[in-house]
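Scrolling down, you'll hit the structures one after another.
First subunit A sits with subunit B, and in the next complex the same chain sits with subunit C.
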Partner chain A sequence: MDQSDGLAYDQAEAANSMRERTIVENSLVVLLQGLHGQVTTVDLRDESTARGRVVNVDAYMNVRLADVLFRDRRGRVSRLEDLFITGRNVRYVHIPDNLDITDTIEKQLGKISRMRNYAGDRGSKKKKTNK
Partner chain B sequence: MADEGEPQQTTNTVEEPLDLIRLSLDERIYVKMRNDRELRGRLHAYDQHLNMILGAVEETVTTVEIDEETYEELYKSTKRNIPMLFVRGDGVVLVAPPLRVG
Partner chain C sequence: MVVLKSVSPPTDGVRHEQAETSAILDGKGLGCGTLYVAETRLSWFDGTGMGFSLEYPTIGLHAISRDLGTYPQEHLYVMVNAKLNDENDAEMRENAEDGEDEDASDDDGVAGDDEEGAISEIRFVPSDKAALEPMFSAMCECQALHPDPDDEDSENDFEGEEYDVEEAEAEHGRGGDIPSFYTCEEGLSSLNSEGEATLSRLEGMLARSVAQQFHMAGVRTDNGGDFEDGMDVEGGSAEAGQFEDADADVDHCTSWSPVPSPNLKE
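Entry: the complex of A and B
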């Protein structure tokens, strides 16, 4: 049984379940997903901040960051290799200034719809490769 | 709000409260948030949860200090500027055109 995917995509990228995909396509979280690989600052609800590279953002706005500079609400700074933030605890996400929002959203939606097509073909005998 | 592949219905009539926010797209707005915060910035995008993308944002955090002797209330506000900000909708209390001072 061939387990490998013909589609080359970041395993962290598009959401896995139908439900998550629908949520993402219908909200602004799709923009946050377009930030994969970029360094941003997330302001948390409790006034602490985390600056790091975005590894993954899911439909519920749960964020995984890598190589993080974490400043707690007292101002104490610590370095964390990996940080998972629950969506509920996000207050702000700083978006890089030079990001084209419409373009990022359109590209991300494109990736998701291609994932949809690919997932739909999984049951067939022929393995199609989508772009 | 950007949509791809599906026919998008953008009517010009105001049918529900969220449509009022649509009228403010690309305009400067005032957002009151929980925890005594206010944002003033340009509305680039929003969704049904009131997640928003604001550009050229000024955030104002207001704190009240009480003088222990006189019980006077001292209001302090801290401001900061952020070029582009994604705001999670559950923190938003209200959205309005920017307040004119004076």
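Entry: the complex of A and C
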């Protein structure tokens, strides 16, 4: 990526991340993002399962797990160090029993809106003056 | 179909290139070659220029496997939601079906469970095991560039970017496209002139109905009580008086007849 592409690249990135943020703020993916660092099981569409530590979940429900026990649809088990599951292939993500769902969602939304304010290029909407 | 033969390696958008990488497709070794992790597709080509490409939407998952008990070499594992053959390549298809123990070409009666029962497994074995992590990361990045186009839930609701009041005003003038609802001051400042006129008219109608205790389309106005839309309307207030000249465009409201509005001072 040379220098002249830098600005266009950044704008595209910004547009993408805004789009992703919109998706996250408006769907339950935000709950999955609260699972970072936790160990859980993901059931795939083909009925294989993967149990591991959640490294990342993005707006498209792509799930990245670490230290995974993977059981394929035939029941064969293998260990995978790092696993990336395409969102389309996810059937279920198990939510750990000890997780407070509402609290997690609220915390995640809080983080996102604080990040938006830190970005500096967006003012707070509440600063608009009255008519 | 995801398999292409005799296609040249991608030249731009290549996030990672790994030479001396063997490819094993559904248990069948294809030899040693170079893996290209490009933004548009994942490709692998052997020394003679033959190879294959995978489109990211067809890739179900990818992973780093260091479990030598499962497979004797550390490798990058890729599961593809398709049978990797094409009509022209009978040999490849035949070999896939003849595949060895570890392949997953089990279509017999399984297809009924899922939409796409056929999968293929590919293992990329680099000679440099330390390259597995950058290979994996590059694939993660490229995969994220290809969100599922069939995903109704996340696509239909968000036609544009998240709405930012200031940005919209700067770019489109007052108003712009408003895909969301506002209450109170935030909304007032986002109205264009048409919106303001509409708001005026609606407030005028409500104010008049409050003042004269008419029933309008299911809204009870006995004591100027709460309106669920959050608009504050006080009968006889200065606000209502602004709209004396509002058109009585009330074709839809058969129980209301136009009468001169009360003469209110502003």
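We adopt the following convention: the second predicted complex is superposed on the first by the 104 of 131 C-alpha atoms of A that agree within 3 Å, B and C clash if a C-alpha of one lies under 4 Å from a C-alpha of the other, contacts with A are read in each partner's own complex, and residues count from 1 in each chain.
To be clear about the criterion, a residue touches a chain if its C-beta (ideal position, glycine included) is under 8 Å from a C-beta of that chain, and two chains touch if they have at least 3 such contacts.
In this text, all values refer to a predicted model and were calculated from it rather than measured experimentally.
Undergrad: Does subunit A have more residues touched by subunit B or by subunit C?
TA: Of subunit B and subunit C, more residues of subunit A lie in contact with C.
Undergrad: May I ask you to decide whether A:Gly110 touches subunit B, subunit C, both, or neither, giving the answer as first, second, both or neither?
TA: In the superposition, A:Gly110 contacts subunit B only.
Undergrad: Examine A:Arg88 and indicate which partner it touches, taking first as subunit B and second as subunit C; both and neither are also allowed.
TA: both
Undergrad: Going by the contact rule set out at the top, does A:Leu31 touch subunit B (first), subunit C (second), both, or neither?
TA: After superposing on A, A:Leu31 lies in contact with subunit B but is clear of subunit C.
Undergrad: Quick check on the superposed pair: does A:Pro96 touch subunit B, subunit C, both, or neither? Answer first, second, both or neither.
TA: Touch status of A:Pro96: first partner only.
Undergrad: Look at A:Val68 in the shared chain and tell me whether it touches subunit B only, subunit C only, both, or neither; answer first, second, both or neither.
TA: Second partner only.
Undergrad: For A:Asp58, select first, second, both or neither according to whether it touches subunit B, subunit C, the two together, or no partner.
TA: In the superposed model, A:Asp58 contacts subunit C only, not subunit B.
Undergrad: Can you list the residues of subunit A that touch subunit B in one structure and subunit C in the other?
TA: 26-27, 29, 45, 61, 87-88
Undergrad: Would you pull the subunit C residues touching subunit A in the complex into a rising list?
TA: Residues in contact with subunit A: 57, 59-67, 69-71, 77, 81, 104, 106, 110, 113-115, 117, 119, 133, 136, 139-140, 143-144, 147-148, 150-151, 153-154, 157-158, 161-162, 164-167, 185-186, 188-189.
Undergrad: If you look only at subunit A, which of its residues touch subunit C in the complex?
TA: 15, 18-19, 21-23, 25-27, 29, 44-47, 50, 58-62, 64, 68, 70, 72-74, 76, 78-89, 122-123, 125-126, 128-131
Undergrad: Okay, in this complex, where on subunit B does subunit A touch?
TA: These residues of subunit B touch subunit A: 1-5, 44-49, 51-53, 82-88, 90-91.
Undergrad: So in the complex, the part of subunit A that touches subunit B is made up of which residues?
TA: Interface residues on subunit A, with respect to subunit B: 26-29, 31-32, 45, 61, 87-88, 90-97, 99, 101-102, 105-106, 109-110, 113.
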